[in-house]
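What follows is a short report on a single structure.
To keep things simple, chains are lettered A, B, C and D as they appear, and every chain counts its residues starting from 1.
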C-alpha cells in the first residue's frame, strides 16, 4: 500500500542527524518492545509480512510522529486484535478478560538461541523457471495496491536491468494476507538514478532493489 | 541489565489494582510515560495469556545487547580483507561464507556482501521499513529507521553521505541497495592503506558499523579509536 | 517538493466522511485565520506560490495532523519571519518588539470588494509560441525538485494527451522563489487511469491536470 | 457575526499584560485553546504592526460568510440549463460567461466549465493543496481540503463517489480534474428530468454545491429540499 511507510523520495524530514554516541536502546521500554515483538512473532500467529502490513496501516500522521518501536507496539496491538489473540479492552486493561486463544508455540527461554539462529528463511524450491536472467532489461509495473507490497512507489513504471537472480522466495503480496507463501522469483534490479529522478538525479548513481517477478515486465 | 526491568511474578503490573502491590525498581505507575505504561500493560497481558515466557524476553534482550552486534560483521570484513579465498566465497555466497564464522540467523538468513572499491561505493537502506542485517550488525540505529535517511538515501545519497562526514573522491559511482525483500546486505568497506600485515583482530577494530552500512568508511589506522560507530 | 502536501494516490487516510450539515467555519478562530491570510496576501509581500511553498514545507507529520486553517496559520507565521515582517519572538509574544517593515499596501476595509473582485489573474502575454497543441501526445518529466512545483509525483514520467491549451501563465516553480513570473504555457493534460495506476485503475477513467510546458516532453 | 469577534481597539489582545483589560465576548485567555490564542496573538501583532486593518478582516469574513457562496455557481448552472446560447458561451469561455452574471474575482480569475453528460461525469480535486473556485462556490468544505479526498479522488474516484452516495450508471466515463494550476473548474451537472419549463430561479435550487464539484448530482425535483449541500 501507498502508506506513510513508503518513504523513498519523500521530502521535508530534515537532515539525517546521526548520533555518534547513540545507545542501543533509548529507554527501558524499548528493550521490552523489541523482545515482546520477537516473542509474539515466534508464536507463529502471523508472518513478518503480515506484521509489516499491520505497521504500515498505521494512520500516516501517527506513523510519521512515532518512533520505530512505537510503531512496532502499535502494530503488535493491531495484530493481537486482528488475529483474535486479545481484545482492545484487554490491551487497555493490561490483563486478560477471557481465556487465551491457542497459539502454535510459545518461545521458551532455553530455545531462544536456537530459534534466533534458525531465523526465518524465505527461500523455497522453484516451482517454475526464472523468467529473467542477469542483464535482462525490465520495466516495473504501475500499480495502486491497497494490500501489502514490496514495490515502492518511486520504482513503479521505471526501466531497469536484472543485476542478480536471488532465488525463489515467499511472496509478501500474498503471504501478508494469509493467501499462502506463493513462492516467486526474486531479482535485484538496477536502476539508473536518472530513470527515477530525471535531471535532479545525482550523477553516476544507481539504485538496486529486490523485486519479485510479478512486479516486472520484459524490456 | 535486562533483569532490572523484569516483571517475573507480576501478573498485572500495568493494571491499576495491582500497580502498587509490588516493588517496581523504576518507580510507580504515575511516574511512567504513556508509552512505558502501554508496553508494560502489553507485556503483562501477553504473559498472563501464556503467549510469552518472560524469561525468554530477558534472553532476547540479552542476546541483542551483548551477543549480536557489529563485531560480528567486523570479523567477516577482516577475514575478507585477510583471506582472498574467503573474500571470493563471500562474494559468491555470503550466507555460507558468514556461516563459516559461526554467524547466522534472524534477519541474516539470506546475505549478500557488496564490496566497495575505488570505483564503486555501496550504501544500504530500507525505504519501506527498517530491514537490516541483524545477524552481522545487531539492531539498527535510530537514524537508519527514521524518515530522513529512508526518504533521502535513494534520491540524494551523496548529500546523505556528506551528513555522515563522508566525501567520496571524484569519479566514484554510488550504488544504493534498497532492501525491499528478505535479502540482507553487508557492505565490505575498502581496506585502509597502511595495514599490511595486520592481524584479523587488529583489522576488525578498523571496521565500524557505519562502514558496513555504507554511511562510513573504515577507520584510518592512524586514529583507529576516533570517529563514528 | 515531494512534501506531505503531494497527496495524490497516497493511502491510509480513511473515508472521505463528508458532513451534511458542515458549517462554513468550525470555530471563530477559523474566520480570523482566513481573513488574516487574505489581508496579509493583499500587502503584496509574497505571491500565492510563495505562500503555498511555505505551507508545504511544514514537517510532514505536522502537516498531516493539522487542519487546513492550522496549516494556513503555520504558513503565515513562516512567511512573516522569512520575509522579515515579524520575528519569531514577536509572534510568540503577540506584540510588536521592533518597528514594522515597509509593505507595498495595506488593505482598507473599503477596498475589499474591489480587491476581491479583481483577484490575482495569472495569465500573461505569450512570449513564445505554444510548443504543444490539443491532441498532441506528451510525456511528463521525471524530477525530484526540492523547490515548489505543480507537477505532482503521481503524474511524473507518464504519457498523456493535450486536452486544452490554457494560455501563458505565471510559472509557480519560478515565482514561488522570487525568481520572476517567467510566463509559461499551461496545458490541461489528460491521462488514462491505466497509465497512472496500471491494472489497479478504475475502468474508463481519465485524470486531467494543468501542467506547465517545462514539465512536458513531446511524444 | 463577524462583529462579535472583532478586536477593534484591542492593540494587544493576545498579550498577557493586556488580556484582562478588555471585554472579550468569547471568554478570557485561559479558556482559549492553543490555536485560538495563537491566531489572536497573530492578529494582534499584525494590526499593531500596521500591516492589517482590522475592519478589513471583518469585511473579508462577511464577504465569504454572506455574499460569495455556491448560490453564485447555481445561478450560472441554471442559466446554462435554460439558455443554449449561454451554455455555449460558458463552454467556450467560462470566465467571461460567468462575469456576465456579475460574478468574478479571487480564486475564479480563470474559469473552466466542464459539463456532465450521460457519457461523462466530471469531478474536481486539488491534490497539492485546496484550489477551489471561490468566486462561484465560496470557501471549500473541510473534506475537500483534507487528505482522504485529495489522496483518493485521482486514484479511485468511483469509490469516493460511492461515499457521497453517488452511483453512476454503467457506461459512464469518469474524468477527474486535478486543479494543479490557477485554472478553476466548475462542474455543470446534468439537468434533472421533469424540470421542463422551470424558471432559472427554481432550477437554481436544484443545483447543490457538491453537484458543482462533481461529488453530487443535481437534486431530484421531487425532493428538492433533501440531500447533500
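By definition in this document, contacts are C-beta pairs under 8 Å (C-beta built on N, C-alpha and C of every residue); 3 or more make two chains touch, one makes a residue touch a chain.
For clarity, every value in this text was computed on a predicted model and none was experimentally measured.
Undergrad: Among all the other chains, which ones are in touch with both chain A and chain D?
TA: Output, common partners of chain A and chain D: C.
Undergrad: Listed by label, which chains are in contact with chain B and with chain C?
TA: A
Undergrad: Using mean Cα positions as chain centres, tell me which chain lies farthest from chain C.
TA: B
Undergrad: How many angstrom between the C-alpha centroids of chain D and chain B?
TA: Between these chains, centre-to-centre, one finds 52 Å.
Undergrad: Between chain A and chain B, what is the gap in Å from one C-alpha centre to the other?
TA: 17
Undergrad: Quick one: chain A and chain C, Cα centre-to-centre, how many Å?
TA: Spacing between the chain centres: roughly 34 Å.
Undergrad: What are the residues of chain A that contact at least two other chains?
TA: 9-11, 13-14, 56, 60, 64, 144, 196-197, 201
Undergrad: Could you say which residues in chain D touch two or more other chains, in rising order?
TA: In chain D, residues 147, 155-156 touch at least two other chains, as defined above.
Undergrad: Can you list the residues on chain A that touch chain B in the complex?
TA: 5-11, 13-20, 22, 24-29, 31-36, 38-40, 43, 52, 55-56, 64, 67-68, 70, 73, 76-77, 80, 85-86, 90-96, 100, 103, 106-109, 111-113, 116-123, 150-152, 154-155, 164, 166-167, 169-170, 172, 186, 188, 190, 193, 196-197, 201-202, 204-212
Undergrad: Residue numbers of chain B touching chain A in their complex, please.
TA: Residues in contact with chain A: 2, 4-5, 11-15, 26, 33, 35-36, 38-46, 48-53, 55-61, 63-65, 68, 104-110, 112, 127-130, 135, 138-139, 141-143, 145-152, 154-160, 163-164, 171-183, 210, 215, 228-229.
Undergrad: Write out the stretch or stretches of chain A touching chain C in their complex.
TA: Checking each residue of chain A against chain C gives 1-4, 9-14, 56-61, 64-65, 141-146, 153, 156-158, 194-201.
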